[in-house]
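What follows is a pair of complexes built around chain A, which joins chain B in one and chain C in the other.
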Partner chain A sequence: MNTNNIIEIQNVTKRFPVGETEFTALSDINLKIKKGEFTGLIGPSGSGKTTLLNLIGALDIPSEGEILISGKNVAVKSDAESALLRNEHIGFIFQSYNLLPVYSIFENVEFPLLLQKKSKAERKHAVMQALDWVGLSDIANKKPSQISGGQAQRVAIARSIVKKPDIVLADEPTANLDSTNAYKIMDILKKLNEELGITFMFSSHDSKVIEYLRRVITLEDGKVKNDETK
Partner chain B sequence: MFEFLFKGLIRDKSRSLLPVIVVSLGVSLSVFFVGYIEGMMGDMVDQNARFGTGHMKVMTREYVKNIAQKPLDLSILETGEVIQDLEKRYPEADWVKRFNFGGILDVPDENGQTKTQGIAGGMAFDMTEGNSDLKRLNIANNIVEGRMPNGPFEILLGQGLAKRMNVKIGDQITYFGSTMDGSMSFQNFTYVGAVQFGLSVMDDKTFLIDIKDAEQILDMEDAVQEIYGYLPNDIYDDQAIEEIKNSYNQSFANDDDEYAPQMLALRDQNGLSTMLDMVNTMSSAFTFFFIIAMSIVLWNTGLLGGLRRYTEFGIRIAIGESKRDIYKSLLLESVIVGAIGSVFGTILGLLLTLYLQEVGIDMSETLGNSNVLFSNVIRAKVVPTQFWIGFFPGVMATFLGALLSGRGIFKRQTSELFNELGV
Partner chain C sequence: MDTLYNIGLSFRLAFRNIISSGLRTWLTITTLSLAFVMILFFNSMYTGWEYQGIRDQVNWEFAQGQVIHPDYDKLDPFTIESGHGNYEKDAHLTPVLIRQANIYPDGRMVPILLKGIPADQQIVELPTQLLKESKVNIPALIGLGMAQDNNLKVGDAILMRWKDKNGTFDAQNITIAGIFETNVPTIDAGQIWIDLNRMNQLTGLQQEATYLLADAEYNQTTNASWNYKDKEALLKEFYELIELKRGGSSFLYGILMLIALIAIFDSQVFSVFKRQKEIGTYIALGFTKKRVTFLFTLEGTMYAFIATVVGSIIAIPLLSWLHEVGIPMTSNVDQSRKMGITVGEYIYPLMTPELFTKTVFWVVVLSAVISYLPVRKIAKMNTVDALKGKK
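After this line comes the complex of A and B, so read on.
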């Protein structure tokens, strides 16, 4: 394997049982993503974007083939090992932000670090730094219900990068945002990609997201239709 | 991490306050139900023991055969010796004499003609101040009119009987009956007060006189129908009573005298054995099913609590928490919620029981025509069982609910869980 490739997808097929038959969501996918790439999966609904993102995020295992994250096959990992992989190497950004409503902004961002058993001082420093990156250090004590959608997505970004992951998987991160906020979010993500070297992988329909991508992988019927680097 | 999760639990009212309220209510009902059943049972035993059966009772064998008729002529003779023997053998118990007899009460008008007349049942016990029976029967505190007898040939009537006889304090009442030997017996008594027994069957039919007066009018000096025995502090203990009864009766096993003393336990009288066993079985069954029903309700609460949080679990999985850790935290939360709810529920259930123990529910109208020695006021009773029984539905059921709902975390593929829940 090329050590430059942070993600390697080799002959991956994913089938889901539908009644007594099977539905093939992904068919013989082969992809290599280099460290620091700013890549997007695009394609119509049902093309397999989210399935592929789930496989990369170790949330699911392929029916066939291998997915290597930093050279390690995630398909053979136990639940605890997969959780550890996600906790240490992968950040997620969701369409609907998915902040935990009973916790403050600070606590939401702090949560991944608690799983890593970091000290209080380390956590505080890292959380404030992450909030600083997304420009929200002044609202750390607010609750998710007290902030706007754009701010909530920035908090979600801070949560995904607070542990300084190698990869961030962003599933439709701008779908619920207006244009201004969508551009603001993409600017932040681009900056984080450039300054921290985090590999970003998007799944999106949004042309505003596609504008920013350096590499666009088009999926159709579970197959790679096009793979274009700008 | 625990602090973080506990913080969330406290802040999320739908995860903490609501389940705690539901668990508290369920547990309090379970705890109260146990106290209510125990109170009813205890009350029934207590009332029968006080007025009708004692914890145990000594009579002659022939008397026992005809116990329903309460025949005076089959009474125990040389009572003093029998009581001395009982006190020597079983010093822990209190042995007292009682008479239960029938007769006609006649209230004359100013011309000496019958104004009212009626059949009544007499009960005689030692009314000497400080006597244990006086305290046990608690008559003095239940006088609704007049006072306790303090001189010879003074009589108290049940309040229903007094009303029916239309008597006033100080009126003369003539007793017509028969002596132990079958001779006619007449005696004038002075009506000094009316008693509320709290038992309909006694309020309407019973009069009370001192035991010395009864010995005189029934011609039964040093003879008595029944000797009642009570365990210390009047606390009923089925097993201890059975042991005393068996040992006492065994000592007369070779005695052929048909007037030899024989002891009966409370449960041997008034059909109480069947009733006690039936009520015991029924109450155990009711308690069991009630606890099961409450467990199902609380289980469901735990189940819904778990299902409602699948979205949160999806987020936590994505952030890097393992399914096992999420499951463990869910179970821990359920134990915390269950334990807090059980503590509050137990306190609430005990307070309700205590209230009903002290105040009670007056059922006198419903029990108006009852012939069973059953108190007019239904009371609950605080018992040790109540301090722990609520934790079964409270903690166990909530835990089981979480255990079951949490299984969904494992049964689903991570990505299914993740996607289904809109994460």
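After this line comes the complex of A and C, so read on.
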């Protein structure tokens, strides 16, 4: 294990049951992602991008193979260990933002810190800093239903980075946004990658996202077709 | 410490989640708090009735216990004839002798129980001093129910016929020296009380009794061949009656409770179905599935917590007020007394801390169980599908 590799994917295959047969979403994937990379998984729908992100995020387990995060195999972790890993080391950005509707923007961003039992003062400082990074500190008291899609995605970004995770996994982060907002989001993410050193991994087929990526991994039919560093 | 923090956090989140759910939450809470108030109301009423009934029966009829002649069975009128005998005197025992007799009000023959009790007794609240103070030949006490049924009033003389110890019928006029009002119909309906000494003379049954009323210091050393029943044993039938009534009314609040629990169940099914994306998000942010299940169960249980708080705000002042003013039972009291049931004209509901705690406990526990049933599904939910909000 190279200590520079924050993610190592070794011979990973993922199959899903479809009726009485199985569909192979990923087939024998091998990848290494270094700390601080700004990497994207691209490919057509059904190529396995989201499935691979879910496996890395310990939201699902591979049918075969190993996924090592900081040298530890996430596939063999218990539910509690996986939850701890997600809370402390991984941030998620989803296509449809997935903000908790009954909480304010501040509380949504604060949520991962509550689970980490941070003090109130620490939480407040970290949340305001994260909202500053995404330019939303002035709407901290609003509810998700009161803000635009672009703002909601920026809140989701703030939530994903507030705990300063090692990795942020972003699944089609610009898919629901117009071009202006999409570029704004990618600018923010790039800045966070450069300033905080967080490893970003995207799944996308949006050309605007691809423009920003330093490493592009192309998936097709569940296999790595191309792996290119710009 | 971690567990406490996690539970505290779950409580905060659950509270926020249900308060933010709006009308649905308040409908469920309203139904549940209504059921809670009804449970408290009915149980307080029966507890109040029970306390009043015990007090009245002890004060008017049972004293602290009774020593009963072995041949006498109060449920069998045929045993009155032979169910009496000589008794050992004891400062802690007051004798009562029962004989069958007839009176003739308005030319009708009415069978009655003639009871003799010492006129100077103080063990029960019967106003027997009136017998002592009266100068008439045979002064008698009757209850208000008996007076109304037979159209009798104080000072009325009425012919009474009885059998003496040899089986010979005697008849004389008795005079109503007093009419007492009691909530205990078993010392009122169809009964006439006279001084025991006078009764001994009328019947020839000297130093005999059917049962003996015991005070708290009676130690069961005298009259050992008679059957001693303490007041708890004597009150057994009354307790059974209260439990029967309590059981009957539990049907009503059981239905209300069922409606409230169905509302909680429905909210929970709806939550699990509608909030899948939220469930997935909790898991992605670091919750275990077990913890999400706990959070959702807590949300359902919190309906019960809030309902008990809302219900208490209504029930505690309401029942305290009713405890002071009482609930009039005038429509039922005559019928109940005719059936021999001890009931006052007012029932004063009594909510004991035990009743309150028990009610809160059961409402919360039942709500927790009902809340858990639909959310068990979360443990088997696919997180990825949940995140996408797949139904």
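General remarks:
Just so it is clear, the second predicted complex is superposed on the first by the 230 of 230 C-alpha atoms of A that agree within 3 Å, B and C clash if a C-alpha of one lies under 4 Å from a C-alpha of the other, contacts with A are read in each partner's own complex, and residues count from 1 in each chain.
In this text, a contact is a pair of C-beta atoms (placed from the backbone, for glycine too) under 8 Å apart; a residue touches a chain by one contact, two chains touch by 3 or more.
Since we're looking at a predicted model, the values are computed, not measured.
Overlap between chain B and chain C is detected when the two structures are superposed via chain A.
Judged by the touch definition given at the top, the superposed model places A:103 against both chain B and chain C. Looking at the shared chain after the overlay, A:150 reaches neither chain B nor chain C.
Residue contacts after overlaying the shared chain place A:62 against neither chain B nor chain C. Of the two partner chains placed by superposition, chain B and chain C are both touched by A:115.
In the superposed model, A:83 lies in contact with both chain B and chain C. In summary, superposing the two complexes on chain A brings one listed stretch of chain C into steric overlap with chain B, and the stretch in question is 26-34; the others among 26-34, 170-178, 314-322 or 350-358 show no clashing C-alpha atoms. Within chain A, the residues touched by chain B in the first complex and by chain C in the second are 50, 54, 57, 59-60, 79-80, 83-84, 86-88, 92, 94, 96, 98, 100-103, 111-112, 114-115, 117, 159. Partner chain B is touched in their complex by these residues of chain A: 50-51, 54, 57, 59-60, 79-80, 82-88, 90, 92, 94, 96, 98, 100-103, 107, 110-112, 114-115, 117, 159.
Within the complex, the chain B residues that touch chain A are 1, 4, 7-8, 11-12, 311-312, 314-325, 413-415, 418-419, 422-423. Contact residues of chain A toward chain C in the complex are 50, 54, 57, 59-60, 79-80, 83-84, 86-88, 92, 94, 96, 98-103, 111-112, 114-115, 117, 159. Against chain A, the residues of chain C that register as touching in their complex are 2, 5, 9, 16-17, 20-21, 277-278, 280-281, 283-291, 382-384, 387, 389.
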